[in-house]
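Across the two complexes that follow, chain A remains constant while its partner is chain B and subsequently chain C.
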Partner chain A sequence: MTTRIEVYIKENLVDAAGDGLLKDIEDLNITGAVGARFIRVTEIEGRIGKKQAQRIGAELLCDPVSQEFVVGTISGPLTKGAWIIEVRYNHGVTDPVSESTMKGIADLGIAGATAAGTATKVVLRGRLSKADVDLISRKLLANNIIQSYTIEKN
Partner chain B sequence: MARKFTLKKTAADKGVAGVEVVDVTGATDAELMSISKERTLSLNLLEMKKIARYFKNKKRNPTDVELETLAQTWSEHCKHKVFNGIIHYTENGESELIDNLFKQTIVGATKEIRRKLGRNDWCVSVFSDNAGVVEFDDDFHFVFKVETHNHPSALDPYGGANTGIGGVIRDPLGTGLGATPVFNNNVFCFARPDFPHEDLPRGILHPKRILKGVVAGVRDYGNRMGIPTINGSLHFDDRYLGNPIVYCGTGGLLPVDRVVKRPRKGDHIVAVGGRTGRDGIHGATFSSVELDDKSEVTSSGAVQIGNAIVEKKALDVILQARELKLYDCITDCGAGGFSSAVGEMGERIGTEVNLEKAPLKYGGLLPWEILLSEAQERMVLSVPPRNLKTFMKLCEREDVEATVIGRFTGSKRFVVKYNRKIIADIDMSFLHGGVPRYPRPAVWDAPDHPEPTFACPKNLTNRLIKVLGTFNVASKEWVVRQYDHEVQAGSVLKPLVGAQDDGPGDAAVVTPVLGSKRGLAVSNGIAIRYGDIDPYWMAASAIDEAMRNAVAVGGNPARTCILDNFVWGNPDKPDRLGDLVRASRACYDIAVEYGTPFISGKDSFNNEFAVDGKTIAIPPTLLISAAARVNDVRKCVSMDFKEAGDAIFVVGETFDELGGSQYYQSRGFIGNNVPKVDPKKAKKIFRAMYGAITGGLVRACHDCSDGGLAVAVAEMAFAGGLGAMVDTQKIPGANKIDRMDNLLFSESNTRFVVEVGKGKETKFRERFKGLPCKKVGVVEEGDMLIIGAPDADPAIKASIGKLKKAWKEPLAL
Partner chain C sequence: MRIGRKTTTGKPKALVLRVAGINCDRETKHAFEIAGAAADLVHINQIARGEKNMKDYHILAVPGGFSYGDDISAGKVLANELSLKIADQVDAFVAEGKLVIGICNGFQVLVKAGLLPGFDAAGGASGTGAQSLTVFDNDSGKFECRWVHLKMPADSPCVFTKGMTEIITLPVAHGEGKLIFDSKETRRRLWDNNQVVYQYTDAAGETGGYPINPNGSEDHIAGICNATGRVFGLMPHPERFVVPTQHPRWTRGEAGRKGDGIAIFENAVRFAKKELLPTGAIHNIHY
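Our next item is the complex of A and B:
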């Protein structure tokens, strides 16, 4: 079973990575992007209970001062109507963050996790075509040598 | 061409799964080259034939494991065949034969300096270990290494830079019996970050993306390792479009009684740290190929991803084991993986590796892949049997994976077994001494660029603003702020200095032994555009710049060591190799005169990118990194003006030397009057400046480099939040230059702008008796920078706020 935890910057705070992406999109001569937020995705394989997932999110993955998290996939106003791009490492590429996550889960005394993986989810708003979002994904977000990506309209 | 494994005489009669025997003894020349290309061996015909002959004498064909091991060990990356080879050199029509350029110039300079120093020689171990070692204090030696990680960074900027810094940290750790890393430094060369997307050739990542990825990679690894990144620079030229340059350096401290290392017969070969995966296969040979628009697909195996946490744990356990004297020898697992690390350690005695023992990240790796993988965070140690138990317990306690993968044997052979069957057996003498030397042609002819035709503008304020805003001169604060400069608590002068901590410091100063006043001034020099005119003066200028940066903060010029990092195009093209000869010869001439020994270095060739039948070659690029001893860090000075009323001096003469300058570049010219170096006079100036700074006569000091005097004074003013008035007629050399723009933007070497406090001017002048040194102006209250002749309208008149804005904005990415 896969437990998914998504961590994101609080909506009232600046998402510096998102703002940087908007500037880079302008450099691509793509107009129309008005908002970008980054969400860090962690997927844990194994038998992890709801309470344990909450603990992992709160005590390991999330900085409570600037971030919030959900167990599962975030929904609601943050993502509604936006383009969602998810970038993840190809199979076999070393993912040091997932290795540290496994160690952190064990340090919390939580047994049952057998593997972890990470991905980056980008929420993109504005008047953008699928072709625009695909170009943004290829040129700015995913490196096809080591990563792959998916695009969805929420 | 390949068939199942049947290694006669040395192996069992049954084949080993995943091992192939490659028919080289019966292959034609064309087939040999085809084997080399198909397997990315980067070996030429001469080398392939030498290998074929060796195995013919052995009456068998090599396994793929043996062939790959030879290719890695004989790679340009490991053996420096170009630098150590034979060169037929022709310069402006005159020809000569050069036998081993490296020995004649870089090593030759150090040898000559050490000879002159005699009993006062302060070099400890140079060109013989993973990093150079010089004396520091009674307890520690200083260890320094700078590497490049260019090709991987072109394909995956984050991972490439990440593993670049991770790799160079392991060099001091693998020097002597292990040095403690105390700082990192980084220098990058990219194409312009505003390069038009529509003009980008296919297969190339946009330079802004490369820049951001590289910076993030260095930041994440360096910061997580708890090592301060204290010095660096960024340079821009569109010829770096397909081949960005990523220089990564690490300095460390090595206890004086831990310099000598030697594996002993019977010692266990122990792999410590990360596991072996398919990442980084063929890194050493990949670094010897030209990139093209297919490289991202064909060479994806060369991309590695680093894990700083694993390396940090390995570092900590090794330093503990070093103190307990648990091992005899150590080296890092870098290019070529186990094949190079074990092969080099056991060069004199012989090794036997049991490859199946190597801990793997995942199954399915072929034996040659295990041997060659350049997976990160791995060190190889030779542990005597009596210490093995203690060593393994220590690793277990610290949660570091350590595995015995073989023994040092005394056989003088490189033997690899897989499940008890021999899959490689090569004489160490052939592995390390068999690579053939062959001559290469090299040519250098002095170019003749068009000289500028524009008239001197009456008002140079806008020109200064333009030069300050060029990417090469502009503030690098956006990058610098991402690095931790303070961890380990030894930073004295950080990269950004001044009233608001945003001025461009000349060199960083660290005091790595807390509580001691002794420190190191760490700087760098690079003069890319001068190479378009003459690589000799490019190299001379790079050494001069590194030196004056170190001296400007209070580093001792008589105790400065330097490192060379040549990053060049394809050395099989005679013009590229001719540039190398010119640059190397300057390295010898200037280093010997300055008394600054080269203690370590690295070269990287084939930095060319082929697309649509065109080749983009990088400009020949030489980075000189310097580290100068500082006896008392409390006496160091920064570059920002400190107080109104203080005198402004210019030390060093300005010549009409705008060839390759930022000013000419901003006007679309290269020119020919490249800045030269007068090494005898320069040495005297450096000595005098060191005396003036350590004598407490200097309040601020800044070297003149990109953008010349006008930029140097402007930077000192806005870094200090103070105005300044400069009389151009008093600038040493002004009487020989008839244009104001040439005087203010010339990039002549060995010049400093110095702030001298009230009551100290006479003593300061005395220090520079007989040398070019004049008071040119005064630091002023307010925010105006005024530069000009007293009898005319100012050539430059601007508020420091306006100048600073122009300087800070371009690279705020």
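Our next item is the complex of A and C:
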């Protein structure tokens, strides 16, 4: 069973990575992008209960001052109407953050997690075609040798 | 071979904490040693397993680096280790009034472990608690690696910076150095208690936006201490400027007589000698 936890920066704070992506998109001569936010996705394999998942989110994955999290997939105004790009490592590629995550879960005294994986989710807003978003994903977000990505319109 | 000869060093002992990814531990140890302390590099697992006891030390240093790769967020995994694995020893260490310094990644660790701002720290109480501020991504979105100017905004109870009223210069090297508060109340208490130890300024001592403030830190804050002044954390690296030749313009005579950072370690050692070493105690007896 997979438990998915998504962590995002509070809306009133600067998302420096998102702002940087907007500038990089301009460098691709793509106009129309008006907003970008990064969401960190963690997927934990094994027997993790709801309370344990909440605890992993609150005490390990999320900074209580600057971030918020959901167990599952974020819905609502944060993602509604936006392009959603999700970038993850290909099978067989080492995901070093997953190893630290497994250590952190063990430090919390939570047993039952057998593996962890990470992904980056980007919420992109503006007047963009799917071809634009595909180019942005290929050129700026994913290294196609070791990563793959999916694109959805929410 | 020397046999039967007792010597006493009378030096305060500094524990320089190590885990995977920390990379400023040797420089920090060196800084304490030239300031007059005896310093040991100690892996956190040695404390957790009982091979090393924090009771044997007077100063705890959490050095800079990228503990556990700064995965999840900078310093978070090590902060949880302090809070969960060796919490009793850390809490007792602070409650006994011993000294703690967190540099860069170490500052991030102290904040995320709740050791700073430590509003309620007092005799016998560590003041640890829920996290009320954090150190977050630089506004520039970049790793900032350069020299900055720092100034103490007001009298501070900080033991480490006693008497350091002049503007100093130190290097920063971080991607997550922006200090932000959870509330206006936290911000007010920090200022009311004079717990803001250093602000980023220009060479004339004036605060300002980027690049004077390298990360967008609220109120241009570079370092804070707890209520007792005995737990101190800062983003710049004092251990990287302990001799004049570490300054990029030392050949032009701009480095001063001593490195600006060494005074922080000397203050700690001086305080520990006076307040934490029992009078007449014999330390480190060698045969």
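What we mean here is this: the second predicted complex is superposed on the first by the 154 of 154 C-alpha atoms of A that agree within 3 Å, B and C clash if a C-alpha of one lies under 4 Å from a C-alpha of the other, contacts with A are read in each partner's own complex, and residues count from 1 in each chain.
Here, a residue touches a chain if its C-beta (ideal position, glycine included) is under 8 Å from a C-beta of that chain, and two chains touch if they have at least 3 such contacts.
Just so we're clear, the structure is a prediction, and the values are computed from it rather than from any experiment.
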Touched partner set for A:Pro96, first chain B, second chain C, both or neither: both
Touched partner set for A:Asn143, first chain B, second chain C, both or neither: first
First (chain B), second (chain C), both or neither touched by A:Ala17: second
Touched partner set for A:Ala111, first chain B, second chain C, both or neither: neither
Which superposed partner A:Val65 touches (first chain B, second chain C, both, neither): second
Set intersection of chain A contacts, chain C complex versus chain B complex: 20, 96, 99-100
Chain A residues touching chain C - in the complex, by the definition given at the top: 13-17, 19-20, 59-61, 63-66, 96-97, 99-101, 103-104, 107-109
Chain B-facing residues of chain A, complex: 20, 23-24, 27-29, 89, 92-96, 99-100, 139-140, 143-146
Of all residues in chain B, those that touch chain A in their complex: 155-156, 158-159, 194, 197-198, 205-206, 208-209, 212, 277-279, 296-297, 300, 303-310, 361-362, 375-376, 813
Of chain C, residues touching chain A in the complex: 68-69, 71-73, 76-77, 80-81, 84-85, 112, 130-134, 136-141, 180-182, 216
